[in-house]
Amino acid sequence: MSRAEVVESADAAVAGVEDGATVLVGGFGLAGMPFDLIEALIRQGAKDLTIVSNNAGNGEVGLAALLAAGRVRKVVCSFPRQADSWVFDRLYRSGEIELELVPQGNLAERMRAAGAGIGAFYCPTAIGTPLAEGREEREIDGRRYLLEYPIRGDYALIGAYRADTLGNLTYRRTARNFGPVMATAAATTVVQVDQIVEAGQLDPEAVVTPSIYVDRIVQVQTRRHTVQGAR
Amino acid sequence: MTHANDPSAGAPMRADHPLSMDELAAVIAADIPSGAFVNLGIGQPTRIADHLSASSGVVLHTENGMLNMGPRAEGDAVDPDLTNAGKVPVTELPGAAYFHQADSFAMMRGGHLDVCVLGAYQVGFQGDLANWHTGAPDAVPAVGGAMDLAIGAKEVHVMMPLFTRSDQPKLVPLCTYPLTGVGCVSRVYTDHGVFEVGARGVRIRETYGVGARELARRLGITDPDTPPTG
Amino acid sequence: MSRAEVVESADAAVAGVEDGATVLVGGFGLAGMPFDLIEALIRQGAKDLTIVSNNAGNGEVGLAALLAAGRVRKVVCSFPRQADSWVFDRLYRSGEIELELVPQGNLAERMRAAGAGIGAFYCPTAIGTPLAEGREEREIDGRRYLLEYPIRGDYALIGAYRADTLGNLTYRRTARNFGPVMATAAATTVVQVDQIVEAGQLDPEAVVTPSIYVDRIVQVQTRRHTVQGAR
Amino acid sequence: MTHANDPSAGAPMRADHPLSMDELAAVIAADIPSGAFVNLGIGQPTRIADHLSASSGVVLHTENGMLNMGPRAEGDAVDPDLTNAGKVPVTELPGAAYFHQADSFAMMRGGHLDVCVLGAYQVGFQGDLANWHTGAPDAVPAVGGAMDLAIGAKEVHVMMPLFTRSDQPKLVPLCTYPLTGVGCVSRVYTDHGVFEVGARGVRIRETYGVGARELARRLGITDPDTPPTG
């Protein structure tokens, strides 16, 4: 049933992603980005995707490669404009890709809401700004709030550090970022990790993503990239 | 994540007597799909854990903040910092994880549990659940996580004796006790039989020590789907 | 400023609690209950308190002792009725104490909302039940939800396992329960721990409550109690 | 938790020249109360970290999920899994903690940070902030965590040059650029002076290399609180 499956390859991990799917992609810049899963998704061929991620790709790798391959119809993100986001910039300026800009905290909280069964929530972020347009406003205890709705994914592709065979996850440092939230918000959560260990090998007090949120795990030789001063 | 429960999964038990709660717990345990994430309510449903084999891969959730809860702790294994939702000391299985209350209820309310099995005062034919309050004016009300499980688990099952001590049915056309959740229960396990309930009404899946027609008559069930034998 | 202060005694830790204050008290039954802080609060003498906690006391210890001392005007909790909750039961039946019953998940999520700057949220729990009374209802995507508001505390009294000198906290097993959520929801968070270690001695990946949420820490010889089959 | 910032805390700096951004960073660092929890925005504000002494006990938050962030990482200390909000590799101080994005923004939006210091395109006399979008039709908009910090930190301070390259003031009666937040900024640090802004209008706290009257005239500030000397 829901129990996580350890698969042999990144290609097996992304099997079944349909054209038009909404895919949550982990990472803040390149930290935590699931490079191998994205490359497998490019090989897999699904197109017309909606990608939910904090950024819109750096350089030519990861999310930028998926965008360059023409598979993405729309990006939902908080910070597309970076020094090395030339792939997205070109597609955006030529009208080949749609952008929904969401403040970073709303991006995280709206995915949390999806995972937590919250129908909508009132948040003060963006009050009085252009990003409040089209949103319902309400005053509570003298403060103004906007109504925000959940963001759900058909798939989440995330990177973590260690998994046990049941699917419990730990992360490394700030590469944790969106992984734990996205894992709760997708119908199918796919994780690439550096290492898979036996159940019982992770400290139960230090598990960050409990196994219930994980569907497929693949162990890879994770490559790590830095972006110097990019944002 | 796929739907945890297939109504045809449980091999019907042929019994010529009403089941004890322990026998019933074994029936329920056999119905739980391998690898499912399950919450067992306080009281009778906790017995189900005793009938789950390790090989089933069923993972137990306890709402006070843990996955992969093990059996009740005995003797030196008792740790006051490790209890189930009934505040009974329990143990930890390999692959356990701890989390705080907001995270635990996010898990419950977000639809991630495959099955929960709860006790009940009454269940309505349409799946309404009453299990938190008798409505008696001098009663101290207490709800705990029952309403969260009722709206949150993919499948809400009930385990209860079919009749009260004064022989009143607890599976009823409409609950008279205050509700815990509306239309949330899909299956009711009782000592006299197993029932599928919900928007399409009630259907008897199997009976124990009583004929289906007789049971349908006692409960006032008129659904033609009810099988003719018991 | 906000930096946590290590104090020498439970009495120093609860100094300043005003009459009429709202106090969030950690623990699920007796697991995680901050016994020493509650006893100090009884000695401190604040009265007319509103207590927010999952239960309403067990036996004669902890929260039950505070109730027995006549300091509590109102209890906000999910599960007051237990086999050994005779102190609360007597006060409730005699009309000496007010009860606001909140489903456990709403109790947790409403405190999280207070800590997270959420003005209110829509949740499906309690729809169609007596606990929906007086709440605003809304249909979202075909499902019915109730509007829930934050619960804030003037103080939170919680138990944890280890603290470092900055105030980072770890917990033990299911004694974690409400501690991390209450720590975010109170103006002043007071923690009793088994052990205080130097900054750098806790694994940064395994910190559960970051130091920013903690105001006062006291090290005690925590007593642990069990309730057998109480709830 | 108490209010982090006392407007009288910063010892006025007497300078006979406009400050460099580095000198300004030192002024801001000196204003940050000991033990405060602080978020430094990307760009110029990150320089402030270089002027915070370890003994100040100031704890830096980075919105990508960390408290007690250390200085920029160099050489072998670079770990691609450990960056600041500007995606620059940084280090970890003793007492650090990591958390995920929803927890990090709960911390920001819940009012737990004492101070954040952000860059800006414009600040309005009433404390409006514009720092995410020039409004140019061909610009790719990006907001990141700016709007969350604007509504969330107890004190929102801005660090910016007071004038654009074409000598237009960036502290203005009303922002013409798209807003990040309304009435959220309480103090503006610039190369020419420090300003208190908000509902009561703008007040010059100190000036660098220019008289307060002259500065008030250039900016169109008419507040009588403005001190007569600079």
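All chains are identified by letter, namely A, B, C and D, in their written order; residue positions are counted from 1 within each chain.
Definition applied: contacts are C-beta pairs under 8 Å (C-beta built on N, C-alpha and C of every residue); 3 or more make two chains touch, one makes a residue touch a chain.
Protein identities per chain, from UniProt: A, C = 3-oxoacid CoA-transferase subunit A; B, D = 3-oxoadipate CoA-transferase.
Just so we're clear, the structure is a prediction, and the values are computed from it rather than from any experiment.
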item	value
Chains in simultaneous contact with chain C and chain D (3-oxoadipate CoA-transferase)	A
Chain centre separation (chain A, chain C; CA means) in Å	33
Separation of chain B (3-oxoadipate CoA-transferase) from chain D (3-oxoadipate CoA-transferase), taking each centre as the mean of its C-alpha atoms, in whole Å	55
Centre-of-Cα separation between chain C and chain B (3-oxoadipate CoA-transferase), whole angstrom	29
Sequence positions of chain A contacting 2 or more other chains	109, 112, 116-118, 123-124, 171-173, 204-205, 208
Multi-chain contact residues (two or more partners), chain B (3-oxoadipate CoA-transferase)	92, 98-99, 105-106, 108-109, 151-152
Touch-based graph of the chains, sorted into line, ring, star, complete or other	other
Complete list of chain pairs which touch one another	A-B, A-C, A-D, B-C, C-D
Residue ranges of chain D (3-oxoadipate CoA-transferase) touching chain A (in the complex, touch as defined)	42, 62-66, 78-83, 85-89, 92, 98-102, 104-106, 108-109, 133, 138-148, 150-152, 178-182
For the chain D (3-oxoadipate CoA-transferase) and chain C complex, residues of the former touching the latter	1-2, 4, 33-37, 57, 59, 61, 67-68, 92, 94-99, 105-114, 151-152
Of chain C, residues touching chain B (3-oxoadipate CoA-transferase) in the complex	28-32, 54, 78-82, 85, 88-89, 92-93, 99, 101-109, 111-112, 123-131, 171-181, 208, 224-231
Partner chain B (3-oxoadipate CoA-transferase), residues of chain A touching it in the complex	1-3, 112, 114-118, 164-166, 168, 184, 187-188, 198-200, 202, 204-205, 207, 210-213, 215
Touching residues (chain side chain A, partner chain C) in the complex	109, 113, 116-124, 138, 140-141, 143, 145, 149, 170-173, 203-206, 208
